[in-house]
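Please go over the structures that come below.
There are two complexes below, and they share chain A, which is joined by chain B in the first and by chain C in the second.
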Partner chain A sequence: MQIPSYFTASMLALSLVATPALAQQITGAGATFPAPVYAKWGEAAKAATGLELNYQAIGSGAGQTQIFNRTVDFGASDAPVDSAKLKSANLLQFPAVMGALSAIVNIPGVEIDQLKLSGEIITEMYLGKITKWNDPKIVELNKGVTLPNLAIAPVYRADGSGTTYVWTSYLSTVSPEWKSQVGSGTSVKWVAGNGAKGNDGVAATVRQVKGAIGYVENAYAIQNKLTTTQLRNKAGNFVKPSLASFAAAAENADWKNAPDYAINLIDTQGANSWPIVSATFILLPKDPKDTVRSANVMKFFDWAYKNGADIAKSLEYIALPTAVQDAVRASWKAEIKG
Partner chain B sequence: MTGASQTIHASGPARDGKIADRLARKRRFQNHVVQGLCLFATAIGLAFLVLILATLLHLGVKGLSLGVFTTVTKPPGSNGGLLNAILGSLIQTALGTAIGTPIGLLVGTYLAEYSAGSKLGDAVRFVSDVLLSAPSILIGLFVYTLLVTPFGGFSGWAGSVALAVIVIPIVVRTTEDMLRLIPVAMREAAVALGAPKWKSIVFICYRAARDGIATGVLLAIARIAGETAPLLFTSLGNLNWSVDLGKPMASLPVTIYQYAGSPFDDWVQLAWVAALLITFGVLALNVLARIVLRPRS
Partner chain C sequence: MSQTANPPRRRGSIGDMIFQALATGAGILVLVLLGAIIVSLLIGGLPAFRQFGVGFLTGADWDPVKQVFGSVVPIYGTIITSILALVMAVPIAFGIAFWLTELAPNWLQRPVGIAVELLAAVPSIIYGMWGFFVIVPVMAEYVQPFVIDLLGDAPGIGFLFQGPPFGTGIFTAALILGVMIIPFIAATMRDVFQTVPPVFKESAYGLGCTTWEVMRAIVIPYTRISVMGGIMLGLGRALGETMAVTFVIGNTNRISGSIFGPGNTIASLIALEFPESEAGSLKLASLMALGFMLFVISFIVLAISRMLLRTGART
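For the complex of A and B:
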């Protein structure tokens, strides 16, 4: 009879410890890019509102599938879902936060944010047209920097990724040739270079290969002290990747003309705008089978909009403008069945 | 000695001492070469094993602390632990084994004891062997369509069932093989004493094959303790403390999968700790089983 009593005791202990689990839990899944900020918001919101967020970073594509199948309370995606699909799946799409991508390089002697590049030059590198770092086009932009006679090795994400979607959108925006030849998407048919899996794979490859160039989320570049570059923006100025230049890009966004909030923040106007900024999106069913959980999701993001800006900043993300937050709140009220 | 060997009525090359010596030398040489190659191959295999364990220890131990076992996973920079993942892994591995083992044991028994010459037996054996080598992500997707989509959510139950599906073919194979090793004479002895077939299986065969069957179960546990793919789309993972099997549940492999590739040093460190815990958890289980199953004198 000893074993059963042991068992009951441990079960009792478990249930005692487990009491916090009675807090209201909401489950979301999808994009990897905003995962750190959602996790941090979740921690802070739990203390403030009692809501427990369980966000799992399974990728933008998988996140869309999960919310189409209604296996989670909300889905998350870096690439906006098109209007027809949103309608057929009966989903409301709204932005949660904005972030930026950085170009990273590995050239001996070149320091962080020292090299100046333009979208046109990067496109030609990824098309295999500029193959040496001492190409006259690059040298012209970088007077005073000694560039070696080194082969350029472009690196891209081999896995389907929202980051690739944003990067190729940028290349498509600055280069008609890229747009017609390769286009944009979560995975595309690359012309030159080598693939690597995940941000970590791209970063590791760029670190190992002299002459490599790649792209990662800016938070990733900062955390790992990768050699980022300056980029020329639409106004023709060279800007460094920083919260200030990201925010400048976000300020110039035209939210009013973005159906389903599918905002385009690539290569926006503004003297100090960073050219590769994007929003990341939440997908919420308009006809929730559990209205309490759906209300909790909205309560969570309402809290995050109000109180989450500093947390976002500390992780290199930018909060939404107040006007957009209010528009999203109005959409919740009008479109989600409560 | 050459003189002496000539006096013996030996046949073949042994009649000539010189040839015999040369042949023996050649054989010894060949023996040494092959032995050397074998040792070399063993050394390569062992070297990788030692390297893996050393890397795990080197990178994992420095992240070990009490906090790992007492706090749940937290956002980067918040001193999180692995408590929910450790518990989730224990629960799902235990449940998966508990569901899969009896089924596997019974199927293995059917194949070894009852299916001789039957078409059904051959079919079951074939399907089980196919399942044994099926990619585990497929099993995850199978359980996803079976349990996650219809019930409208990820759950610890779905994760456990996916793990059970991996356990079944491993236990089937080892149970059948072990039962087939039992000499027919033992079964005959039981029957001669008037025992019905089921009694001879339960009291004679199972007892004799106990160690082998237990090893099979251990192999299955070791395999599922480190599986990520079948859990990704079944139990999903959970950032918070949760022992509710009806809700998404955390696990060590899924946590490793998410943390190892993250930009944050503390998450990467926790991924190493989690890998260390799985490896040495399985090792400890193996050692424990060896001690418990040691033949009693």
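For the complex of A and C:
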């Protein structure tokens, strides 16, 4: 009798310890673009609320697949999923946080945020039409900067990625030619240049190849002290990549008329708006298998909306405007069964 | 293949029967696995084959936005990098094996032999990083500008050496692959060179042959088949290599005439595009179909090598 009773006692103790911890766990998978901020939010939320986020940055496409199959509590995607697909999969889509992309260059003698570029010029570089850094079109925008007779080497993400989706959306917005010839997507048919794997691959390639231009998430550019550039926005002003210019872009967005929150933050109005800003999205089943876990996902993002702005800022991401947060909370209440 | 008659089976030895069943099962399992992989790749890739038909094999487009997929560029890249890698690796591997078996002093043979085997055990990601951070800058700074200046305008062959010096590209990928497969080929060659009966070589030396003449007239003819097998082993690894190639090939879906131009291989394209392919999409089917093509290419390479060996054995 002694051994079994000891055994049951220990089992009981184990289940007492294990059950609450398990109930507080939520799982998510998908987008790589917001992965750093989700990781930090996860740590902070665990300390504050006991919710334990297990997020796997496996890529937006794979994240969509996982939530369609309901193998995770929520999916995450950089590109908004279209309404028909959301409907057939019975998912609610809402934005989590916003971020920005920067163009990075490697030209001897050119410093951080010194070079001025426009979307049209970048498009022509990636179409292989402007091939030298001392092209008259670039020189015209950069009086006072000595630009060498150096071949332009465009670099892009070779792996499918949300970053590429945002970048090609920007090029499609500013150039009808790019839109018809290449288009936008997580991977596209590139016309010129070389591909590298991941943000770090693009950054390393740009660093190694003189004359290279590439694109990375701004957080990545700041952390690695890459040579970012100024860009001309829709208002015609040259702006530097900064939290102020990102926030300006977010404020000028038309959130009310975006179905399923599929907001377009590319090349928005406003004198100080940074042109390449994007929201990243969460996909949550409307008919969750496990209502407790689903409620915990909402609890987590509610916490993140309220308390996560500073963390987002420290990583160069931008929190959602308060009005949008409230709208999302209303959607949770109305549409998620719980 | 010679048929050996089964030895007469003794009745009642259950242990023997169980062992035979297990061994047969293990043998059949390999066949079943192979068949299952081919079939599942084919079924997965069927939507792509159905959509594009022969166009999947002849199309040079890989356009996820317009949903047009063709496999010419990755197939070209796979074959050209592997062949270039063999061209670089085989002479060096032969040199290593020749030196180890015929020329090296006894006390050096073992350490160098072990070093070669250790090289074979280095994970491919290490070769990839080494290639990207060490070889690519050297290629971009020195080798490519020099060669492009020297030969870029040469009549006839100039187009092979043109383009901006990125450092990455077909040639760099082939170079890394070459280094990766040298130890495989060298180790095989050394092992088979050692199987030549000493009496053959001694007879040749007795007739006054030089070391090189012994190698050419005795060792190579004697070991030809196994040497070929070692080379095919290296080629097989080069065809399927993923990580190291992804780092240094430049990853573009265009065929460029220049050997310094960027390209793509089947394995690296699959690795890069897989995470952003939704279940049920045409892109995923096309990636599966590409996997099937890689299988077919490997099979053809193996078949050709077998054929070469058979004709070699007959003469």
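The criterion applied here is as follows: the second predicted complex is superposed on the first by the 315 of 338 C-alpha atoms of A that agree within 3 Å, B and C clash if a C-alpha of one lies under 4 Å from a C-alpha of the other, contacts with A are read in each partner's own complex, and residues count from 1 in each chain.
By definition in this document, a contact is a pair of C-beta atoms (placed from the backbone, for glycine too) under 8 Å apart; a residue touches a chain by one contact, two chains touch by 3 or more.
Note that the structure is predicted; figures quoted are calculated from it, not measured.
For the composite obtained by superposing both complexes on chain A, the positions of chain B and chain C are in clash.
Residue contacts after overlaying the shared chain place A:58 against chain B and chain C alike. Contacts of A:219 after superposition: chain B is touched, whereas chain C is not reached. Legend: residue contacts after superposition of the two complexes on their common chain; A:72 is shown touching chain B, with no touch to chain C. In the overlay built on the shared chain, the residue A:40 is in contact with chain B alone; chain C does not reach it.
In the superposition on chain A, A:90 makes contact with neither chain B nor chain C.
When the two structures are aligned on the shared chain, A:242 is found in touch with neither chain B nor chain C. In the superposition on chain A, A:269 makes contact with neither chain B nor chain C.
Using the contact criterion defined above for the overlaid structures, shared-chain residue A:307 touches neither chain B nor chain C, since it reaches no partner. Under the contact criterion defined above, the residues of chain A that touch both chain B in one complex and chain C in the other are 58, 69, 201.
Those residues of chain C whose C-beta lies close enough to touch chain A in the complex are 61-66, 132-133, 136-137, 140, 164, 166-168, 246-247, 250-253, 262, 272-273, 275-279.
Contacts from chain A toward chain C in the complex involve residues 58-62, 64-65, 68-69, 151, 153, 158-161, 182-190, 193-197, 201, 204-205, 208-209, 211.
Note for the complex: chain A touches chain B at residues 14, 17-18, 20-21, 25, 27, 29, 35-36, 39-40, 42-43, 46, 52-58, 69-72, 198-201, 217, 219-220, 223-224, 289, 315. By the touch criterion given at the top, residues 74-76, 78, 148-149, 152-154, 232, 236-244, 247-248, 258, 260-265 of chain B touch chain A in their complex.
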